[in-house]
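Some notes on the structure that comes next.
As written, the chains take the letters A, B and C, and residue 1 is the first residue of each chain.
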Amino acid sequence: MSINSAFYQILEGVTAGDLAGAIGAAELHGPAKTVIADITAFETATPSALIYQSNPDAAKTLTVKPVIVITNDACLPMIDGGNSALIVPSPRIGFAQALSHLILPPPMEFDSTGISPLANIASGAHINPSATIMAQANVGAGTVVEAGAVLHRGVTIGENCYIGSNSVISHCMIGNAVTIDAGCVIGAAGFGFEMTKDGAVKLPHLGLVIIDDFVSIGSGCAIDRGSLGNTVIGAHVMMDNLCHIAHNVTIGQRSIVAGQCGISGSVTVGAGVSMGGQVGIAPHVTIGDGAVLTARSGVTKDVAAGEQVAGFPAVPKRQFWRDQAAIRRLGAAKTSKP
Amino acid sequence: MSINSAFYQILEGVTAGDLAGAIGAAELHGPAKTVIADITAFETATPSALIYQSNPDAAKTLTVKPVIVITNDACLPMIDGGNSALIVPSPRIGFAQALSHLILPPPMEFDSTGISPLANIASGAHINPSATIMAQANVGAGTVVEAGAVLHRGVTIGENCYIGSNSVISHCMIGNAVTIDAGCVIGAAGFGFEMTKDGAVKLPHLGLVIIDDFVSIGSGCAIDRGSLGNTVIGAHVMMDNLCHIAHNVTIGQRSIVAGQCGISGSVTVGAGVSMGGQVGIAPHVTIGDGAVLTARSGVTKDVAAGEQVAGFPAVPKRQFWRDQAAIRRLGAAKTSKP
Amino acid sequence: MSINSAFYQILEGVTAGDLAGAIGAAELHGPAKTVIADITAFETATPSALIYQSNPDAAKTLTVKPVIVITNDACLPMIDGGNSALIVPSPRIGFAQALSHLILPPPMEFDSTGISPLANIASGAHINPSATIMAQANVGAGTVVEAGAVLHRGVTIGENCYIGSNSVISHCMIGNAVTIDAGCVIGAAGFGFEMTKDGAVKLPHLGLVIIDDFVSIGSGCAIDRGSLGNTVIGAHVMMDNLCHIAHNVTIGQRSIVAGQCGISGSVTVGAGVSMGGQVGIAPHVTIGDGAVLTARSGVTKDVAAGEQVAGFPAVPKRQFWRDQAAIRRLGAAKTSKP
């Protein structure tokens, strides 16, 4: 998963040695002259990419080279000498610092209101004149952009979409026939940081939100973009109001997400999943195809395909109701004691 | 409950026979020439209205005629021969298709920013010049419309109201002395669709949101309009931030809805009801007058007038605390076993 | 805690006697000529301030004088004769009426779009021309204000901040290097009212929101201002999307608030506290430094420093899991009975 250059520009020509200096790395092992050409997740590294790793067991699995890896003493023995290894106390913080150095700030193009002359608006799109559409944004034929909506730099909206009033879309690629109701925020940075004794170090988010065809998003939803890699909403997903979808979530096609659900970072939801209202899912959990998460489920671990769960912590639905019955009997028994 | 023609226009002169062709009905029984004059819920049908029904027991109860009913083979024997019966595999999907055919798309009037010359603004209303007010919208004397607020076509706002910055109001009739805080979305389509193997078929929403006098709505709330019929917020209702009110909900006067509550479709809340924060109510539930829903209650069935409930699934409050005490004792006992 | 005159103006020269007439007080005891110079909470009263009190035990503790106190017959004997005591049936409603009388309505300055010539924008601030910035608002150097954002009268934004698209900021003072993502509402009035048989009497909110340096607020959050006194967000607080922070909440520095949390009025959260997603905290609760509130905790009473809690009602985390295990055993046992 590479950085998308329509949204993020990497400073050109920075070498491993340059970066070691910029982030104050204690040591640099391996070649100093390798030029950084991309930034990826560890798992999706490509040659000349910058990555980071703090876990020696994971570091062992690295096979691509040459890469530039921000890492620590524990990982160093696992890393092939053909790679450039920058040693820092906290690789995650070092990576955040590296990104701040490598990613160019987006151009400020606040000299015009309304539709930028550098935006690409198909004929047959309907744009309310009080909308704001920034440079390099793309809007397809038949798409409606309502009053006060803001399309940030570089976003792509397909054909026959509807973008509701005062919705804000950034760092996002949207297919055809997608509805985004009013007041949504799509594509903001996710909730990623390291809290240190000196305060929070925020991790730059370099991914996108990808929304496939025929998706419908209710009012007031917030869908964050990926940190590295993308947040992905599959075709025909139906989402109700005020849902919170964190960075790097994937939701499979035809899944249903009722009102006020919250899906934490890096959750994978299969196809045809059904969630009732106010469900919450913990980070990194996987929900199998066709699973049913009853309203108000708090899901803390993986749910198998087709499984139905309820409660917090969520358990199989049958067990939830059995437990509820047992609690009722127990409460009644204690009360009726002489 | 008829379609409100200030918001929705029905294509004129469409007959039962025309519609059967348009939606590909397998059969048409009864008169083909009846002209469709209105669209209603089954329960509120009037002569010449289009309705739908898939349940034979309900179909039996139909007494009005002539109506045009989209239905199935099972219901057909229950339907009086004076009515036009269009037979389809899924009446609900057939109805959605019929509505797409019958309801004219709203006019696109994106040729002006700010206040449309076709809006009706009382003298003595205070409109921030960065607000957007579309044609046929009505704003009463003494009402304040803040920066970035969007009043869509046809909405009515009474006197001495306050519409906060960047709130979006559509398909809505608001009384006097109502406060809508910033960032709300009032009147969007509800969460109604049929998921088929080919994806979602969305049900057009032809109702409104009706907000009575002296209501106060907090920041960032989303209140959906009715599908057929209206979503109704009674006089003096006080609602806190980030609440989700689904289509066709009714909330009685002087009820209190604390922050982040979610009320599902077709719920009826009585008068003087009090809800703590983060309460959820399942679809079609009825809450009696003066009931108290403790914070974080997840209400799955009807609550009687004056009753106090807590927990998920919500039970009478006394029982909830009794059960909690029993769980504590049980947990402690198991732990202290030798 | 005095009224901040950059945001609220008190009608000058109003005496205790004038006010007694204006709110229809049954009796006035003590001096009628004392001029009201400020409005404060009872606990932070200063000479010549207007306060209210309905609890005789609290009334006993009043030592400052002269003050003007809206109170009832029960409290009257506790109040020093040097103070002006206005006797009403409901002191809280009387206070609300007094505030409506004493606080001047904010000037309507809707004669310009965009940036008011009376706003103070530092050179080096980046303001999207579709933003609205009202009179007496202050924006520091290096701060970005995105499209459609609205800065209301008198707010102060420090240096190097980021105010996301369509966010609404009022009654607020923000430090340096603060990020407010898109679609937030900061500084609206809190959820305070008295419900009477004639409907709701809303309590005017005269406080602010104070946000310290390096805070990050996610998309779609709603943070209400204080009623009397302020809502305070400490330095380096990280808050995720769609959180609801009620009036007069204090959050200590470096605390972490995950998505969709709801913090009720007058809650005090210490420093370095960590909250998972969808946590709720009941009014007036105190959370000690370094406490951990597991995702979906519903906290109904104080949590000690460093304590970890879970569930609803929230209990120590170890106890929560012990209880869950006991419930599972109980449910299984009942089911396996012959």
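Side notes on the structure shown:
In this section, a residue touches a chain if its C-beta (ideal position, glycine included) is under 8 Å from a C-beta of that chain, and two chains touch if they have at least 3 such contacts.
For clarity, every value in this text was computed on a predicted model and none was experimentally measured.
Matching CA atoms, the turn from chain A to chain C amounts to 120°, rounded to the nearest 5. Both chain A and chain B derive from one sequence, and where they touch, under half of the residue numbers involved are common to the two copies.
With centres set at the average Cα position, the gap from chain A to chain B is 32 Å. For chain B, the set of residues that touch two or more other chains comprises 130, 148, 166, 183, 220, 242, 260, 278, 312, 327, 330. Residues 126-130, 144, 146-148, 164-166, 181-183, 214, 216, 218-220, 235-236, 238, 240-242, 254, 256, 258-260, 277-278, 295-296, 311-312, 324, 327-328, 330-335 of chain C are the ones touching chain A in the complex. Chain C meets chain B in the complex at residues 108, 110-114, 130, 132, 134, 148, 150, 152, 166, 168, 170, 183-185, 188-189, 191, 193, 195, 199-200, 202, 220, 222, 224, 242, 244, 246, 260, 262, 264, 278, 280, 282, 298, 312-313, 315, 319, 322-323, 325-327, 329-330.
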